[in-house]
Amino acid sequence: MTTLSIPALPASLELTALRQRLADAQGWENKNRTLVQLARDLPSLPEAFRTEDHRIQGCEARVWLYTDDQNGQIALWVDSDSRVVKGLLALVWSAYAGRSADEVRNFDFAALLQELGLSRFLSSSRVSGLSAIVRAIQRAV
Amino acid sequence: MTTLSIPALPASLELTALRQRLADAQGWENKNRTLVQLARDLPSLPEAFRTEDHRIQGCEARVWLYTDDQNGQIALWVDSDSRVVKGLLALVWSAYAGRSADEVRNFDFAALLQELGLSRFLSSSRVSGLSAIVRAIQRAV
Amino acid sequence: MSVWSAAQPRACFPLLTQQSELIWLDSAATTQKPLAVLDAERAFYEQINANVHRGAHRLGHAATEAFEAARSSVAHFINSPSRQQVVFTRGATEAINLVAHSWGGSQLQAGDEILISMLEHHADIVPWQMLAARTGAMVKPIPLTDALELDLDALAAMLSPRTRLVCVTAMSNVLGTRPPLSRIIAMAHAVGARVLVDAAQALAHDVIDVQALDADFLVFSAHKVFGPTGIGALWARMELLEAMPPWQGGGEMIARVSFDGTTYAPPPLRFEAGTPAFAQAVGFAAALNWLQQQDRSAIAAHETALYQQLAAGIAHIDGVHILGAPHDKGPIASLAFATAHPYDVAQFLDNADIAVRVGNHCAEPLMQALQQHGTLRVSIAAYNSAHDITRLLAVLAETLELLA
Amino acid sequence: MSVWSAAQPRACFPLLTQQSELIWLDSAATTQKPLAVLDAERAFYEQINANVHRGAHRLGHAATEAFEAARSSVAHFINSPSRQQVVFTRGATEAINLVAHSWGGSQLQAGDEILISMLEHHADIVPWQMLAARTGAMVKPIPLTDALELDLDALAAMLSPRTRLVCVTAMSNVLGTRPPLSRIIAMAHAVGARVLVDAAQALAHDVIDVQALDADFLVFSAHKVFGPTGIGALWARMELLEAMPPWQGGGEMIARVSFDGTTYAPPPLRFEAGTPAFAQAVGFAAALNWLQQQDRSAIAAHETALYQQLAAGIAHIDGVHILGAPHDKGPIASLAFATAHPYDVAQFLDNADIAVRVGNHCAEPLMQALQQHGTLRVSIAAYNSAHDITRLLAVLAETLELLA
């Protein structure tokens, strides 16, 4: 299997910008709309990599994760067949993609969800799905 | 096993008199007191006959029944280790003892309970215990 | 036939009146409860509460009478010849497990076959798989036609003297399909097989008559018929119950216990070990009584009309269709999407206060047969209105545009 | 230690306030319910009601959260290391049947021994007899001393490497006896046996800590701890649960289902097939929370004082005595009569609005050991008062005179 290189970071997914957009979206319906828009900006994982091997179990929707250590920085692809989940994965991506192993280990994703007012809205199964993904990323570095 | 002869009918257990007493007793506490008094008047089944063979199943207290056809009249002993039940058995006894097979078959014991205001007070398990006894008597003629 | 207006029944349901914006289209998962049910259960706790079948006091007698009267209500609702044929369980699932363990465990052996409709809920599959693993009996799925109806020709070909049991739902919880029960039962009986009918979904919609059906076993859950959680029932033919050994042991189900040997009570108590859910039985009876007081054929016509409104509306929205078009179906629709993920759609419906269910609906084999990862299920009950469907269709169309 | 006044707790119980003359001394059969429990269950139905573990909508999430929070409350109440170790069942009886079928069915074989205390309720006897009949394992009763305590010398002599399980109640439902659990558990563990503790009676009175006890299995019913009927729980060590195969099959308990094979969910869901009694779980948690908010040591002292008042009073009445004088006992007394029939006594108590229980209390082997056909049981709970006992004693004395 060929490896994938790190895709360029779209400006919309730059963490500070993204934080602002999600914080600005008031109410769950607007947050969901924003997540669907973010999903469009997140590069898709090529079909060839959307295999059972790369699936994260325990999520309601199907979620794929591909990681690679590229010169001390983590290369990260996340994808889902659900747009809303993919929007949340955009947040994961902006928080972790291209970071060093130390940064990956130290980033507090739960705190980010809290800050953006998302933890209040997300169901516990969705939260546990997200933390399964974060754990998988942290195991990869 | 020797058979038993029909014991003399105490005046207190004569059906008309007994009906009156139970109808007069107002409220469940007074009815219970009356039943306990009636139990004293009902001749006991001799110990030798208080065997498993003569037990009626399905009653909360232990109940024994002995029947015999004596010249076309039913000889009847009923007994219980419970006074309240024995009082109710006194009513059974006054209704059936010494009657002909036809009379036994035709007597409506449930209607009697109704008339005396007892069915309202008796629990359904007690009523079904009593009807098990009545059925056993009817089977015996 | 009189017309049913959902406004009046909705007013009977405290949750729906308190949340007046809520559109509950998830009744196949669980129904809301009319005030009459909540009041009956509460009144029982506040006025009668005592353990049953053992009282030496007036509350004990009253509780026993209320519990046994509830059994009579259930028996009456399905036209059981006697109330002794109604065994209270936690729900449809436990009822099926009871049949599998007691009847199945004592009657089936290696080589015997259990035919299970491809429409079944996991509750009517997994207990039989577990039984098969214990006994060596075989479980075989009855396939579907292209119209997503049970394939009766295939069933006819599968039935043989080895067939001991046919398991079939009275209404599919995914598609709404109503298999032709009377025909299936006659076919099974012709080879000497027994039939278990899963009436969990049907009971809230259809008049179920166990004698007219000539069923052998029938199961259901109160919480899907406007009743409380924690209770349901198994109905069975008396001669089957009488021959069945107990499954769970404990109080209530015994005649005599000693360390030298124990004898068991007759049905139904033989199968009700331990303190039963007696307060819930009272609530269950209240639910059935509530339903029986309504004009049931008007409700059925109302539900059908809503279903037709839904189907007509879906036909006008791009990127979504209803799975299957069986000849006879209840007011349940599974929606499949061209590109949208059903979870995303449900998410936006939820934002608009419309509750539906997504996933495999505990019917994975059916999902595999349908080649679906999951569907979005809309299930309709007596308290839904044309407004509910109109609003669902509007939000659905908008959502699919957003997700396109 | 503060003093407990029963007036205040009685006021929490709608049935007891509405029937102000009623003296409820049948709490060992079932307890009355505080308003907090009735309100919690009702509020759940009126505000949240949705099926759990499957919601694609806010009510589904809220219901799941309420249900799992209830599991946490139960876990916390018995100091379970995790909430995953709490399996919801219909009650203590179903919990024991679950252990017998799943753990027993997979672990025991011919020659293995199950030691069962002579104090046990049928719920802790019959499932083991049924298991023994299936597996060839042997059930042996642990005898009592003359003081009606468990005979630990006899237990020591019976324990051997063949012993796989010891079943013992934390409080006898007939006599109130509290066996020395920690010692029994240590003795059993020393030969490698597991211990199942039946906490059905104890939970309303004693602080139960599964970790301090070092128990393997522990079971109880909500309706005996001020909670609703239809729910209870099994607690077990995690490693035991993880190794146990499922018992009932259906929805909720599976990971994947297909006609080719099915895989199961981890505990506790593996053991909770079908829709659980989720509304009752919420009520159960409310009951435990209510109890935890009270001063539990003051309640215990209050109950002991009432028991002592009862015992002292009985000693002054001719023709009646309390069975057994174990060293450690809870507030439950079984009365035996010289000549009066317990049913007759209960009848007159009932006339005076005093509710007690008569019979064998689902403990026939114990009754045989006691050589009693039945006893009259007085069981005391937090809401009883000195007045209740005074009145019981007066009516009892009067009744025995009448029956003499």
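Letters A, B, C and D name the chains as they come in the text, with residue numbers starting at 1 for each one.
What we mean here is this: a residue touches a chain if its C-beta (ideal position, glycine included) is under 8 Å from a C-beta of that chain, and two chains touch if they have at least 3 such contacts.
Note that this is a predicted model, so its numbers are computed, not measured.
> Counting only C-alpha atoms to place each centre, which chain is farthest from chain C?
Measuring from the centre of chain C, the most distant chain centre belongs to B.
> Count the C-beta contact pairs for A-D and for A-C, then tell me which is higher.
A-C
> In whole angstrom, how far does the Cα centroid of chain A sit from the Cα centroid of chain D?
Once rounded, the distance between the two centres reads 48 Å.
> Which integer distance in Å separates the CA centroid of chain A from that of chain B?
Inter-chain centre distance comes to 83 Å.
> Averaging over Cα atoms per chain, report the distance between chain C and chain D in Å.
Computed from C-alpha means, the inter-chain centre distance equals 31 Å.
> Taking each chain's centre as its mean C-alpha position, how far apart are chain A and chain C in Å?
40
> By the touch rule stated above, which residues of chain B touch at least two different other chains?
Where chain B is concerned, no single residue meets two or more other chains.
> Considering chain D alone, which of its residues make contact with at least two other chains?
Residues 55, 343, 347, 358-359 of chain D each touch two or more of the other chains.
> Which residues of chain B touch chain D once you look at their complex with the stated criterion?
Going by the criterion above, the answer is residues 28-29, 32-33, 36, 60-62, 80-85.
> Report the residues of chain A in contact with chain D in the complex, numbered from low to high.
It comes out as residues 123-125.
> Spell out the residues on chain C that touch chain A in their complex, using ranges where they run on.
Chain C reaches chain A through residues 340-341, 343-344, 347-348, 351-352, 358-359, 373, 402-403.
> Report the residues of chain D in contact with chain C in the complex, numbered from low to high.
Interface residues on the chain D side: 14-15, 18-19, 22, 26, 29-30, 32-33, 38, 42, 45-47, 49-51, 54-60, 90-94, 96-97, 100, 116, 121-123, 125-130, 139, 141, 221, 223, 228-231, 246-254, 256-259, 261-262, 273-280, 343, 346-347, 349-350, 354-359, 362, 364-365, 368, 376.
> Note which residues of chain D are touching chain A in the complex, please.
55, 61, 64-65, 68
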